[in-house]
Amino acid sequence: MKPALEFLIKDEKVYSGALSCRGCGWSLLVRHLSSILGENTVYVAPASCFSIISGPYPLNDLKGNIVHTVFAAASATATGVRASLDRQGKEDTTVVILAGDGGTFDIGLQALSGAAARGENILYIVNNNGAYMNTGIQTSTATPYGAVTTTNPNGGFKRTWPKDLMGIIAAHNLPYAATGSLAHLEDLRRKMKKAKDTPGFRLLMIDGPCPPGHKTDPAMSISIGRLAVETRLFPLYEIEQQQYTINYIPEKEVPVTECLKHQGRFRHLFREENYPILEEIQEHTDWYWKQLLSKT
Amino acid sequence: MPDGPRTETATEAAPDRLSEFPRHQERIMKGNYAAAEAARLCRVGFVPAYPITPQTTIVERLSEMVSNGEMDATYVNMDSEHSVFAAAMGAALGGERVFTATAGQGLFYAHEVLQAISHFRLPMVMCNVGRPSIPWNIWSDQSDSLSQRDTGWIQYYGESSQEVLDTIIQAYLLSEQLNIPVMVVLDAFYQSHTSENIWIPEQDLVDEFLPPRRTAEMSIDLAQPKAFGGLVPPEHYYKFNYNSWKDVNKVESLSAKIAGRFAGHFGRKYGNVEAVNIGPQTRLVLVTISSITTTARGVIRKYPDVGLLKIRLFKPFPKASVLDALKNLPENAILANVERNFLGDREGAIQQEMKRALYGSRNLRMLDFYAGVGGKDVPPLTIEKIIYRATHSPEDINWIDVD
Amino acid sequence: MIEIRGHARGGQGMVTAFEILAKIFNKLGGFKVQAFPAFGVERTGAPIQAFLRVAQNEIFNRSNIYHPHLIIIFDESLLEQVPVFEGLKENGAVLVNTEKSPAAFAGRANQIYTVPATRISLELGLGSKSLPIINAAMIGAVMRIFQAELDMALPVLRQSVPIKPDANAESASRAFESVQGLEEGNEYLVQCLYARDAEMEVVPEEILAQSAGVHSDAFQAPFWNVPMSSNKTGNWRLMTPSYVSKTPPCNANCPAGTDVRAFVRLTAEKKFDEAFEVIARHNPFPGICGRVCPHFCEQNCNRNQLDEGLNVGAMERFLGDRLRQRPLKPSPIRYKERIAVIGSGPAGLTAALRLRRKGYPVTVFEALPLAGGMMRAGIPKFRLPDEVLDEEIAAILKEGVEIQTSHRVTVEELATKGFNAVITAVGSHIGLALGLENEHLFAEGITFLRNFKLHGEKDGIKKGDEIAIIGGGNTAIDLARTALRLGAIPTIYYRRTITEMPAIAQEVEEAMAEGVQMEFLSAPIAVNLTKEGLITMRLQDMRLGPQDDSGRRRPVPIAGSERDVVVDKVIAAIGQEFDDFVFHGQKVEPQQGKVIYKGNVPVFCAGDMAWGGTVAEAIGSGNKVAEEVDAFLRGIPYHHDETLPEVVLPEDINYTYFLPSARHRSEFKYNRNLFNDFTEVSAGLEEHELVEEGGRCLHCGDCFNCGNCFNFCPDAAIFVDESGRIRIDYDYCKGCGICAQECPCSAIQFQLQEEETL
C-alpha cells in the first residue's frame, strides 16, 4: 500500500481534546467521516464509547449537531431527526448514526432493521470493535470467536461465531453497504463519500481498533487493522442492492495468526491445547472469504 | 386484538341543528378519533406510529388523514413503541410538533424513552389509552399511565372525548411554553371506542389559540451546532434537574391559566380539578379520574351530602387546586378515592397523591376503593356501593365486589 | 482514622493498589477500611483519583476525601497538571514517585517523601517503560511511612497481585528501603491511624450558610456547544512522538560524505541543479563517481530488503555530466599561506579544490604527464571515458587550482619553495609482489594498466594470447577486460570465491558477460618459463577457512591439489602500495591527516596511501584533510567527529508503505567483438528513468510529507503550521504512538517524555 502522499483532511470538522483512549478507532473514524460529511450534518449517537468520547457537558467534539439517544433506538431517533429536517426543506443535510457493535448487532438491531426496511435517508456507521467496550469489554454478538471478554461464562473465551451483520444488512436490499478499515483510509474515505452521496439507508461497518479492549499496543491500532484485512479476517467489500464487490484482495495468503498474535484478547489461543481453535478460526475465515468471492 | 368491525366511519354527521359553540361543528365521534382530530387541528408535523389495542384507531385515523391530505404531517410506521418515542424525540429535537399514541405494554416498553424526552426538555403531546399489563388484558385501567407518573411527563386524564380533544389543544400550549412533554390519558373503550357528541372547532379558531411551535432554543440549528444530551458530570447534572424542578412548579398555575384562556376562546371551561357538590353540607367526596367521573356525577345526584372531586391534571399533582376545591369541606367529611389502577402497593395512585396533597393542610379521613381494575365495569351500582361502604363500614382500603 | 488520596493516570493501576492497601491495613491491625476510586469515564493516561480510609472503628463517611492526611502521587508529571496538593491537612504528608529528593518539592507541603518507584519496578521487570506497574513499590513506601511491618504486608501483596508475586514483593521491599525524606515513620500519621475517635471537625457557620449559587432563571436544558478543544488531553501522555531527521544508510556509508538522500530526493523532484549542488559540496567528480564508484550507498540501501537498492550511480552520473561544462570562477584568495598537494588523484584534487575555495593559493604537483592519478592511470577508458575525466579536472582548474604535471617532487623540495603546508596524496601505484620464486615472470597489473592507458603499451600481448591474471580486485577485472579488448583470452585466478571478491560486483558481472574466465579458490604457488617461452603456472586449490581480520574467510590450501596451467603471460594484481619517494627516504607512516615528518613544513596525508582504495574514499579523505589543513593554518584545534550517527536500519522502515518496483538498471552495452573497442560499456539512464528511480527512495529518516502521521492521528493533534511545516500539537497529543508506528521512514521518534524538551 502506498501512503496517501497528501493530508487527506483539508478542514478538520472535529475539535481536538476528545475523551478517547490512546489509539482509539472511534476518534479517527469520526475525524475522517466528519471531514467528508461537512458541517451540514446531524449525528445521532446511541450509547457507546462515542457517547463519552464526543464530549461531556459542556463540550462538543464535533463541529456539527449531535443527538445522544437511547441505546436501542438510534435508528428511530435518526428517523425523527430526518423527518423534521425534510419537513423544513433541509433534505441536503446528512443524518448519520454513530453506533458501536453492541448498539447495532444487539440492542439496536430491531430499530436498525426497521429504518433500513423503511428506506430512511440515513447513513448508519457501525464501529465494530467486537465487544461492549464502554462498559468494560463485555461479550456482544459481534465478539470474535475465541476472544476473551469479561463476560465469558463458557470457559473463559467466546465460543460462538459473531453475527453476520453484513449478511443481515444485505438482506434488507440496501442501496449501499460496505465494510471499511482505518488502515485503508483512501478506500474508507471513498466509501464514506459514496455513502454520503447515495440516497436511502446505507451502512458502513468499520473495523474498530480498541487498545484496552483488544489488549493491544495503541501504536499498533492501524497495523493490526491492516493485518485484519490482509488475513481476510475483515474483508473490504461493498454491497449495492445485493451486488457484492470485493475492494481489496490480499496478494498473499497471510494466516490469521499473524493478526491475532498482536492482540492480548487472543493470547490464550496460542497455547498448545487451543491450537484447534486457531485452526477453526482459519477455516471459518477461509470459508467466509470463499462465500464472499462466490457472491461477486 | 381486533378493535371491532371496520365498517364504521370515522365521523358521522350530527343532527342538523345550530352550533352551540360558534365556529364549531358538532359530530358524533369516538374518543380515539377525537384525539386524532385534535392532533390534526394542532397542525402536528410528525407522527411516529405503532399499533396497539385499544389505541390503534388513533394512528389509523391519523394515517388516513395524512394519506388523504387532511393533515400535513410525516407519518412513519415504526418498529416498536420504544422506537416510536425515540423517533418522536428526534423530530422534536428537529423542531417539529410531534404527536403519537400508545397504550399499556407500549407505554411500559417506551418507559426509557419517556424519561429521555422529559429530561431533554422536549415539548410534545401523546395520548395513552389506558390498559393494564400482562397477563393480557386490553380493557380499561390506568395502571399503565399511573406507573409512569415519575417519568417527568405532565399527565391529564380526560373525562369525555370532548375533553380529550380540548385538552390536547391546551397541552401543546403548555408543553411548548414549559418544554415539558404531556400525556393525555383516555379510558379504553368507555372513551376510546365510544361514539358521542363532540364539538370540533374550526381550524382558524385553533390557530388563533395555538401558535406554531417556537423552536429557537430547543432544536437542532445547523448554523449553531450543539450537542444534545451526552454525558453530564455530577457537578452539572443536578443543576439541570433543578431547572426542571422550577418549571414543574409552574405547571399547575400555567395549566389553569391556559384552561382559562381556552374557555374564553372556545367556550368550554376546564379546571385542573373540578369540584361537584363540595360544601359545608358534604360528608363524603368521591375522588375520581377519567370516565368513572361521569358515572359518579350521575350517582351523586341521588346523594345530596356526597360530593365529587375530579382530578384532570394529575401530574404534577395540583395540590393548590385540590386544597382550594376542598376548602369548604368540613373536617369530619370523608374522601373516597376511586382507583382504576393497581400498582403493587397497599394504596392506589390516587390515594397516594391525595395524601401527599393534603398533608399538613387538611386532616380529612381518606378511604381507598379499588374498583374497575382490569376493565371491570364500574356501573352506578359500584359507585353506590362505594358510598355505602364509606358511610357504613369503612375500612382504610377496600376492594369493591371482591371481598 | 486516616484518609489517603491518590493521584495517578488511568491505566497505572492505582485503584488496585488502594484496594491492596486496604487489605493490608485490615490484615495488619484489623482496621476498618474503605477504598474506592473517583468513578469516572477517564481513559488510559487521563489523571484520576482514588481514596482510602483506614480506621480503628466504624467509618461514618462515604464521600470523597477532600482533606487527606496523606497524598500519594503515582505520576510525577501530574504535579504540574492537577491540583494534587489541594486540601492536604496542615500536618499531612505527600509521597511522590520520583527520582528526585524531597528538596525538589520544598514549599509545596510540610512533609514530602519521595520514592523511585518507577525505577525499582522497571529493574524488577514490572511493566514496560511506557507503562511501569508501580503498585507494589508504592505500597512498600506507604508501609514505611506508617512504620508498618513489611513482612506482615507482603503475603497479602503476593496474594493480591495477578502475576509475578516475587518481583512485586521484592519491589515493595526495595521501595520500603528507598523512601527519602523520613527517618522512622511519620508519627502524626501513625497517631491518626491508631486514634480511636475520628476527628470531629467543627465547620464554621459561614461555610454552612454558604449557598452553592446554582440558581439561574434562564432556561437550561442538556444542550451545549463549547468546543472540545478546551479539554487539553496532552496531559494524558506518557510517551511523546517528535519529528527527527536520522541518518540514512546511504549517507552514512558514503565515504565522500555526500548527502545522497538529499540529491536523490531533488532528482525525483526534477530539481537537477540543486541536486548537483548537493553532490558538488563534497565531491568534484560526480561524473566519475557515477561510473566507477562501488556505491556503498546502493549496497546499504534499505530498499535492498524490499527489492533492490536505488541506482544512485546513474543519478550521480547524469547530474555530473549535465553540468560538467558549467561556467566557473575562482574564489578570491583570502589567505597568504600557500599549500602544495602532491598527487592529482581524487584525494589530492578534492583537497586542493576545497582549500582553494576557502581562499588559499593551492598548487598540485603530478609526476605523470596528465592529471587524475589512479582515475587517469588505473581505470580503463571503457569504464571512464577521457572526456569525463578531462572535463571534471578542467572544472577544478577553472576554480583556480593550479596543477603542475610531469613534476615529481618530494616534500623537502616543496618546503624549500616556501609552501606553508604540504598534502601528500600520491596514491598506491606500486604493485605488490606475490613473493614467489621467479617473481620476474609476473607482469605487474597496475603498471600494465598505466602504461597501456598513457602510452598505449601492450607489453607484448597479442591476439589469441592466453593470459592468467592473479587477484580479485578491480585491477584484476580491469586487466582482464583490457586483455579481452586486445584480443587475448584472459583467465582470472582468485584464491577465494566470487562472494569475497573485492571488485565491484557489477564489474565482475560485466567481465563474465564479456567472456572473462574466472577460476575461484585457486592460487599460484610457482611459475616457470617453458622452453617455448611460455609460462607454466602451478596452482593449488583452496578451501575457505575461518574469517580473517578483513572479515572475509581465509583461503586454506588443499594439500595434493596442485595442477599446472600453461599460458602466454601472467599478470599479478593482488594489491598496491604507495611510492615513498615523496618523503625522500624518510620513514613516514602514512595516515589520514597530519603525519610525523621531520622537516621544515607540516605534512598531511590523504587518499589511498592513507586508507581506502576507491575514488569515493579518496574524495572523503581529501575533504577531511582540507578541513584539517585549514584548521591547522588558522590555528584552530581540529576535531573530526568520528562518532557513528544513528543510522536508519531496515527494521526501522515500515515497508508496508512501499510497493515493490524494479530498479532502473543502467544498460550494459558490449559488442560480441570487443577487439579494440574501448568505448564506454555502461549507457546511463534517461532523465525520466532517473526521476522514477528517485521516486523509489524510502526517505530513510527524512519526512517526505507522505501524510501518514496526520492522516492516522486519532486526536487531530497534528497540523501544518503557517510555514508549511508539519507539527505535533502537544496540548492534545495523548501519545498513542500511531504516528511513529505508521511513519514509513522512521522520521518520528517515540520516547518517554523528556521534561526539558517540553
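A few comments on the model shown:
Chains here go by letter, A, B and C, matching the order in which they are written, and residues are numbered from 1 within each.
Convention: contacts are C-beta pairs under 8 Å (C-beta built on N, C-alpha and C of every residue); 3 or more make two chains touch, one makes a residue touch a chain.
Bear in mind that the values here come from a model prediction, so they are computed numbers and not experimental data.
The interface with the greater count of contacting C-beta pairs, when B-C is set against A-B, is A-B. With centres taken as mean C-alpha coordinates, the chain found closest to the middle of all protein C-alpha atoms is A.
Separation between the centroids of chain A and chain C, computed from CA atoms only, is 41 Å. For the pair chain B and chain C, the distance between C-alpha centroids works out to 80 Å. Rounded to whole angstrom, the centroid-to-centroid distance between chain A and chain B, based on C-alpha atoms, equals 43 Å. Shared interface positions of chain C, i.e. residues touching 2 or more other chains, are given as 41, 222, 224-225.
Residue positions of chain A with contacts to 2 or more other chains are 52, 54-60, 62.
The set of chain B residues that touch two or more partner chains comprises 225-232. By the touch rule above, chain A contacts chain B in their complex via residues 39-40, 42, 44-45, 51-52, 54-60, 62-70, 72-88, 90, 93, 110-111, 113-115, 118. Contact residues on chain A toward chain C in their complex (touch as defined above): 1-9, 12, 14-28, 31, 52, 54-62, 182, 185, 211-212, 217-223, 226.
Contact residues of chain B toward chain C in the complex are 119-121, 179, 217-218, 224-232, 238-240, 242-243. Considering their complex, residues 45-46, 48, 74, 76-80, 82-96, 98, 112-113, 116, 219-222, 225-233, 236 of chain B touch chain A.
Residue ranges of chain C in contact with chain B, taken from their complex: 41, 214-216, 219-225.
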